[in-house]
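Letters A, B, C and D name the chains as they come in the text, with residue numbers starting at 1 for each one.
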């Protein structure tokens, strides 16, 4: 009852591991797949090895509110990533290769490599809020987004997802510029900053970070609702999903599936299996047979 | 030790009541002034009486995370607001008249009226996220912002503050377009949405609302830090201030004062006096004599 | 966050007045209220009329929300938040309880906590009297004289206050009635508590829509006490529309 | 959120190794660690070496963060978060504890909880031996023979395992040493627990930087037990750089 389709990609449940959380190494991804995730997005991989920023790269807000991170797109480089994908694929769930580049050629190259390695889909990171020249700096330029999506679509046969930033006044315009994608993934983290008043300085070495977790859910749900209102494209909702009610909220807003990241901090890697179980219970109680019936039913016009 | 100046406006402490929270009626404002606030911003007042949206207009997130509101700029209309200002002024602290209009002429008219009524400063609401044709719809148009600020500045002698929206990819551009203002107020609420999965619909009658409270603090602090990095203008920080540490964080990021709204839900109207007391204690412990020493000390370049 | 509760029982109490019972685990004091949301229709405040495990609200049909509620059946759902506000404080000594119209809904759970008291139940006519069964020994007053004392509750109250010594008055009902009771209490130097009503948006003390003389009915009230009540010059005279505009009552 | 603690006491324990004591109200198990932030410098993980109210970390100077820390004085401040991770589980029976270099820091509070045990303290030379005062009856091994057994800890351990029956081995130290101890334990069919180290960024189980064979050292560890340890083929062989790139050890 939990199977969903995101475009042509079939998932056993709508609960996907979000990019950047426990998806650097193939064996960790494999373990998460075995723990119930419906799909797995890899860490965002770029052209070259990158160490990322110096510690501290993560700050935890009190009372499970959420996290601020500026990992800084640390990654081993695309050329070194083949083995990880191959190991992850043993989990039997779709592996979506996340990539980041600074122009359309880099994105195309990265996508082809991912396809070669066996990735089942590509996620374009057009939205990381804290890396100069990447992510969100690209993702708010609607023309560039359009070009990147078109180019990548031309290069690979597997589905291409575009992950968008919420740090904009009109996410729907950006969504429309990415309409050639097979799915939109919303949202990436919200640009934020935290200062330690005893240290009298920002906590992250990079100063700025991306805000994730429980607190950004209203922003993510709004973005999904906004886009679903105007577009028929498959949407993957991300941001603050912690429990089955959050998944249902995103789906009612218009998401076909969700990604889960920060919740792992608080619920552990069993969060996928637990949510799946609770969703089934709720669906039975509320007489839904197929989870896809939920998609967009809270839309009011 | 807590006295601050926001431009030419003197405040006994940097703790200002935010617009829209307990500032519709003169007598409530008077009561808040007596309870320790350093200044008071009125509810945003427009050209005509407006009922606002139908209930529900407020949704409360669990565990004190924050609120979603779409009051809908309910207000009695500028012509009916003189008495409220006059009563509020008996509190002996500056009253900042918040106004919203749909073009520069309306803003100018409203500002003149507020000045006539005795307001000590004007706050231009360029940032309400949920009212068609007002607020944020205006506040992301840098040319319009510039024109409104210039026009209002020409019309009144009292200081003019511009309140900005965080729902944008570059708040610094908007800040610069408002550089003729005497101070910038950042941030207004973040556009958000919440769905009740049992009711299968958005909770607010207006669907969308503005997200406020504890959870938006990292977004507000980031905006203040961003602007202070590039501009010398007085800044009033708003968003999620609940305790003395939050005030100090905003000031270290670059704010000259803060506004407090949602915290009243959780801390009551004594929040101003309590914070002031705790700030003094902290300053003594940390050997600060004047709260203005804190402004911007967390800036790293 | 709303809690969803199921209606267990509905009872027609008087003309246009129904009680709805539902389970809610929250502890509620007499005088406190819930905000009730009927999705797609309206959200509005309702005092509790039963405070045990099986809570109750007693609703007078006056507009679109309450009309919709009157059309509901057992098993239907209500979305509630609260309880909110400050309820009645039980004072020592003998009490006079004066309830007009649906105001009796608010007073009922208080009366059940009192030991030494007399109750006046008043309404325009016999059909609109509320809870005369629940409080069989109550004094009755109707404007049209169709049952009990012929005249206003306040008039009957003055008679009773003349004849007996009371230590405290509790009242809820139409605002002119409450304003008059406050005036009487002030004159006679008796303590009084009154449960006020104003248009509510947030219910949690931040929007200012329910304020009277700078006090929020939703958080500082809805039950206010003397001497504060004696100083509220807006009571019975002025209120605010949903826009915030002050109007005469 | 960091907690700011003040350094109460600093003690030079061995060459390039200092212990820093501070009060922290949190309950800590032997084997758990703190993330310590030195603002403007670095943040890194440190096991607890004292678990009472007056906590301690014992720090070997190896890079810019630890060097800065070695320059600190009593009264200076540390920013800490944690404690994080899973510590040692005390097993029934007789234990052999094998600590190499600064690995003794991690084992020390465990040893103080054990009843029936023998300890090997090993280091390259006499100057680098840690906590020989704290555990006076420990066996000593040095690579250069400057004190005690002349040779590796693992060699001394093999001799002792030959002579006595132990029910469990606890170890912490350089990874090749731990890998060898795991091999020995596997061969001899003895339970083993080892506290591993990997490069840590988040410390809270979300960034994957510290993972070994799919297990997070920060949350699933840092103390791992047999039989899981027997199956970790990356142990002693491969680790990841901060970029995530796998490299040989």
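As a working rule, contacts are C-beta pairs under 8 Å (C-beta built on N, C-alpha and C of every residue); 3 or more make two chains touch, one makes a residue touch a chain.
These figures come from a predicted structure and were not determined experimentally.
Among the remaining chains, not one touches chain A and also chain D.
Between the contact lists of chain A and chain C, the overlap consists of B.
Centroid analysis (C-alpha atoms only) places C farthest from chain A. Distance between chain A and chain B, defined via averaged C-alpha coordinates, is recorded as 33 Å. Centre-to-centre spacing of chain B and chain C amounts to 36 Å, using the average Cα coordinate of each chain.
Note on chain placement: the centre of chain B and the centre of chain D lie 51 Å apart, centres being C-alpha means. Taking each chain's centre as the mean of its C-alpha atoms, chain C lies 67 Å from chain D.
Across the assembly, chain D contributes no residue in contact with two or more other chains.
Of all residues in chain B, those that touch two or more other chains are 61, 201. Chain contacts in this assembly form an open path, with each chain touching only its neighbours along a single line. A list of each chain pair in contact follows: A-B, A-D, B-C.
Contact residues of chain A toward chain D in the complex are 20-25, 27-28, 30-31, 43, 49-52, 54-58, 60-62, 67, 69, 71, 74-77, 80, 196, 198-199, 201, 203, 261-262, 264-265, 268.
Chain B meets chain A in the complex at residues 61, 63, 65-66, 68, 136, 140, 165, 167-169, 190-195, 197, 200-202, 207-208, 211, 214-216, 218-219, 221-222, 225, 245, 248-249, 252-253, 297-298, 300.
In the complex of the two chains, the chain C residues touching chain B come out as 1-2, 4, 37, 39-40, 42-44, 77, 79, 81, 201-209, 211, 213-216, 240-246.
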